[in-house]
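Okay, got some structures for you below.
Common to both upcoming complexes is subunit A, partnered first by subunit B, then by subunit C.
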Partner chain A sequence: MSDLDKAIAQLRACRPIPEIQVRELCYKARELLIEEGNVVSVDAPVTICGDIHGQFHDLMELFRVGGDVPDTNYLFMGDFVDRGFYSLESFLLLLCLKVRYPDRITLIRGNHESRQITTVYGFYDECLRKYGSANVWRYCCDVFDYLALGALVMGAGHDLAPIDAPFADPSQSNTDADDVEIELLNSQGQILSRFPRNRGGTQDTSQLSNTPSSPSQTKEQTPSRNGAPGTGATSTSGGSANNSGGAVLCVHGGLSPLIDSIDKIRLLDRKQEVPHEGAMCDLLWSDPDEIDGWGLSPRGAGFLFGADIVDCFNRKNDLSLICRAHQLVMEGFKEMFSSTIVTVWSAPNYCYRCGNVAAILELSEDGANAGYAPRSNGDMNRSNGVQSEKEDKRPGPGRRYRVFDAAPQDSRGMPAKKPVADYFL
Partner chain B sequence: MAGTTGISTHTSPNGAWRITTRKLPILKADPIEALSNDIGIPIPEMIFGDNFVSVTHIPSQWTLEFNVRDALDRVSKTEQGMLQVAVAEEWKKERAHQEEVKQVVKPFDWSYSTDYCGTTHAEKGGEWRDAVGEKEVVRTDLLARQDPIQFFDAVDLYEDELADNGIALLNIKVRMMPERLLLLSRFFLRLDGVVIRIRDTRVYVEHAEKKVVRQYTAKEEEYDVVQEKLRGMRENAPEAFRDANKLAPMLRTIEDRTEVFEVS
Partner chain C sequence: MSTIPHLNTLRSGRRGPRLRGRRGPPHAGSEDAGRFDEEDVEIGKDRIIQQTDQDASSSRMSAVSLGYLDDPFAKTLFPAGEQVPKRYPIINRGTYVRTKAIDKLVIRFLETNPNEQKQIISLGAGSDTRFFRLCAGKYKVRYHELDFESNVVPKRAAIRASEELSRMTLPSDNGSTYHLHAIDLRDLTNKSPPVLPGMSTEIPTLILSECCLCYLPPDTASSVIQYFTMNIPGSIAMILYEPIRPFDSFGKTMVSNLGSRGIELRTLKRYYSLDAQRQRLRLSGFKEGQGARDVYQLWESDEWTSKDERERIEKLEWLDEIEEWKLLASHYCVAWGWRGEPFEQAWKEVEGGRTPDEQRDDEVG
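What follows is the complex of A and B.
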């Protein structure tokens, strides 16, 4: 067993590794990350994850639900640290896996991967508490500066790769597996619902906010040909000549008015503390909102961007979807703007008290479901497909969301369920 | 969400007063949208919309309730009193050339500062009146006694991380002892580099009396001033800045009023 494998085993048991090992690990990680561009290319299939926030036991649950590294190819969209009690173990484990399996896990930077933010929101204090000095915090912050700002997922399939999974509700097992746009699974790997692509007809522009457990949802799970209300199963699949789901851009926060093409992200100098302003800051901080164009947050800093901005950016950069994290959503994921952007949130029961579920998003490989793909003869490669669809909005890739609850609470250091009575005045 | 899920309740030994709490997960997307449409401002990131705490006088069915909707409805829905984050000036200077993005979206008090003192349901009428004399106060002397706590709960109504510029939190603690009860609804705001704000509502009842005493205290201080004080006290600043109890004595009192409701 190599030292690295030993470190992985130790971290998996939620035990910190010695300071000297952290230093070495961070050094190796930096050497690896420095070679990555600002926008990392990732090939589908890939499983995309949102905020983790030091909820180590829930990260273990995520791996149980999504599969282990290196069997599953992972992309984490930042905010590994702060708020939870095990930022250190969570981040170091992800970093170890990155160094051990560099091609099977991609880490991009969140706004919490910064010196300033971690001093306020817990990671700094945690390092100090666990090591007695700030050295480990410093090593980690040096790694933060080298994390990529985004990732571009290529070759995601228009169709989902079929899986051999039972339905949570057996009465639905006859649901059509054809042309599924969205599939929703629970943490036991059972299918909760499937949403086929719209065959023309009205487009549902409402936000997707699946509530897999809510009774009202079950009515909508019948194999209707229209996307169920509120599901965002909205893209048309009409003339798609291949099985490509188009490229998917992953960033922690969102877009920036200074960035109109992915190449402009590539030109940024990222190896620094997250600045208070500029494109790099926006990519890690901005949020989509129901507005037209760009808006300034009422807080006085930070951008909001509307559906038109996303639509324009996706067309120009030949994207079918933007995937981001950064905002808590009760349902674990939320598709907006006719499914042109999705928020993925992977910290269940956030801060150990919100009671929300978490989600991860699986994108299949192009051609993985060839049997169902509506291909035409001699028109199979991606670039031809791009040409023919240039004018149209790209149909999104098939999306499989796995939702999961918080891991059973470990007694160590976790806040008790019942509040402790105190003589407050 | 209806039903009794998440509800805890406790009645005073003399059968006159009852505390009820409800604790449930944060709201889902649809109820969030409905609430936002109802009160007309965006909803805090962590919204425990089904949670509440209430104190009921059982014989008269008089109830003082603390719920999320009414608390948020007291947040300013205009630019009035709107704070700016510490980096706002710098940020705007930097963006001055970007014509298209000068528009502030939906101005409102995004710090979610509320002066909410609870919602009164008085079926038999009556009103809150100003407290008179030294007897109508929250009796800290009696409440400081280590009487057995027969019921205790802490309930979050909402919390927002202010896009990592600090914290805004409204939570309620309640405890019932054999002879009296105390409820503390606390709004705590820390806007990093700008301001610390605490708005407390205390509700105090002697079980043997037919009287509810309610004290509202608003405190505030500039962030830098508090930071200086902490430095002088050799406190671990990041930790102290998360602890409203530690910060409260360092703030200036802006408003302090005590009212009484006599139930029948």
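What follows is the complex of A and C.
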């Protein structure tokens, strides 16, 4: 058993590894990450995960539900640290897995992978508490600076790869398995529901979430794609024929008014602390919202962006979907703007307080293309700027969401530190 | 959600009726070290509730030290030598909104007919500084603070140790007085309840309960309110600050988490929504008007939190947890109700009526 495998075993048991080993790990990880572009290319099949926030036991539950590394190909969209009690163990385990199986796991940067934010939201204090010095925090922050800013998933299939799974409710078992666009599974691997491709109807897939129970969930209408994109962009694309699922852009937060093409992301100098403003900051901080164009973010960094912005960006870059994390959604995932963007959230009962479920998103490999599809990036199929007619079928890839609760209580030890003033007393 | 680590299960177990005042023989199984005498459990629970003031005091100190609130007295009443605690930004913001909203209602009351003698009775006041911040030397107020002896003793000591606070608590020429009562509020529900020294039954009186009555059984909480509404026949009003919405998933988790710390929010299910709180105040005798707003509404509304203030607060700390802030803040409310003048004049224009959003509360309730 190599030292790395030993470290993985130790971290899987939620025990920190010695400082000297952390240093070595971080050094190796940096060497690996420095070779990655700002936007990593990832081939489907892949399982896309949102925020983890140091909820180690829930990360273990995620691996149980989604399959272990390296059997499953994972893409984590950042925010590994802060808030939970085990940021250190969670991040180091993911980093070990990255070094051990570099082609089977992709890590991109979240807004919490930052020196400034981790001093406010807990990771710094946790390192200090567990090692007695800030060295480990420094090593980790150095790794943060090298994490990619986004990932582009290629070759995701229009159709979901069939799985041999029973229905949670046996009376539904005769549901048509053909032409499924969205499949929803519980943590036992049972199918909760299936949604076929929308045949000219106006099925609102956001409705497949449960009735919202929190005020953050009040906006659930997904306006249909109409009206011209509010920018002067003339390059649109109906998607190329040999890319049936379309490319999927994964980024922690969202879009930036300074970025109108994926190539512009590639040109950024990312090897730095997350700046307070600018394109790199926006990618990690922005949120989609039911507005037109761009708006100010209540977070104090990044922007809000509307359906028109997403539509325009996706057309220009030949994307079928933007996948992002960053926002707590009570049902684990939330599709917006006619399923052109989805939020995936993977920290169940966030902060041990919010009572939400978590989700991961599986994209299948496109059978026809054996997992590889060239990306046209707006250069092919140029049209004259007129939007194509609304298509009867959604262009997006088949999406399988697995929804899970917080890890059972007996799987976790006592928290390292009792939470204080969680509420107003 | 039963997935929360239970840190204090021994104290949070099912409890029978309170045995206070009916001290019986020891529990039959009391030799068994694993079992708690119910009386011990009750005493332990009281202690936990008394300690919630330390939480409130810490949160106040955190908010003051970061510039959310201007409160020179928080430090004087904060235990000497203890480190200034650091709270998450959402807790600081919540502490700010709650303090300012209650202050606004209190100030409107004091500013209406400012020369008239008034009375404020603060239930479970703990280390609260409102008297020193708003009243002392400014208004003609009889100010009463009621709390457990264990919370009153350190406050009294801190006041005595400070020349400034001692001076402020002396009776002044204009008729202002300050009274600190060591009392178990449940004693006010006895058949022959104690008389509160210095309490007038003839001047307009405002009752404050900031996270206090919610720890009592609902009927006891009602009886405490009744003690005041019966004894003071004239103008009287009440301001409540309490958790609400226990039935959605955040609410359920909140109940379970606090339960694991031994904190039981006993009135929460009965007064589960803004409308239930308005109703409660109306039925408690504050017939002339009632209002209620959750903390998120108080933050978002220009009437309650001015745009300038919101911008100032937003700049104090990076608050990344927008969704969580909405969740947390919408699970606490300020509710108020009144009868008679000067309350009618002071509060009738204050925004607090039912909003369309509240429809959802009726559905889950």
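Heads up, the rule we're going with is that the second predicted complex is superposed on the first by the 335 of 425 C-alpha atoms of A that agree within 3 Å, B and C clash if a C-alpha of one lies under 4 Å from a C-alpha of the other, contacts with A are read in each partner's own complex, and residues count from 1 in each chain.
Throughout what follows, a residue touches a chain if its C-beta (ideal position, glycine included) is under 8 Å from a C-beta of that chain, and two chains touch if they have at least 3 such contacts.
These numbers come from a predicted model, not from an experiment.
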Could you look at A:Ile20 and tell me whether it touches subunit B, subunit C, both or neither (first, second, both, neither)?
neither
Going by the contact rule set out at the top, does A:Leu328 touch subunit B (first), subunit C (second), both, or neither?
both
Of the two partner chains, subunit B (first) and subunit C (second), which one does A:Ala406 touch, if any: first, second, both, or neither?
second
Looking at the overlay, what does A:Asn356 touch: subunit B (first), subunit C (second), both, or neither?
both
Mind working out whether A:Met1 is in touch with subunit B, subunit C, both or neither, as first, second, both or neither?
neither
Quick one: classify A:Gly293 as touching subunit B (first), subunit C (second), both or neither.
first
Could you tell me if A:Phe303 is touching subunit B, subunit C, both of them or neither one (first, second, both, neither)?
first
Name the residues of subunit A shared by its contacts with subunit B and its contacts with subunit C.
111-112, 117, 120-121, 214, 298-301, 327-330, 350-351, 353-356, 419, 421-425
The residues of subunit C that touch subunit A in their complex are 1-7, 52, 55-56, 58-59, 85, 87-89, 91, 94-95, 98, 211, 243, 248-254, 257-258, 263, 296, 314-315, 317-324, 326-328, 330, 332, 357, 364
Would you pull the subunit B residues touching subunit A in the complex into a rising list?
24-30, 32, 45-46, 82-85, 87-92, 94-95, 98, 100-108, 110, 140, 143-144, 146, 149, 152-154, 156, 162-165, 173, 175, 182, 184, 192, 238-239, 241
With touch defined as at the start, can you tell me which subunit A residues reach subunit C in the complex?
111-112, 116-117, 120-121, 213-216, 218, 298-301, 327-330, 349-356, 405-409, 412, 414-415, 418-425
Per the touch rule, the subunit A residues reaching subunit B in their complex are 111-112, 117, 119-121, 124-125, 207, 209, 211, 214, 230, 257-258, 276-278, 285, 289, 291, 293-304, 327-331, 334, 350-351, 353-356, 419, 421-425
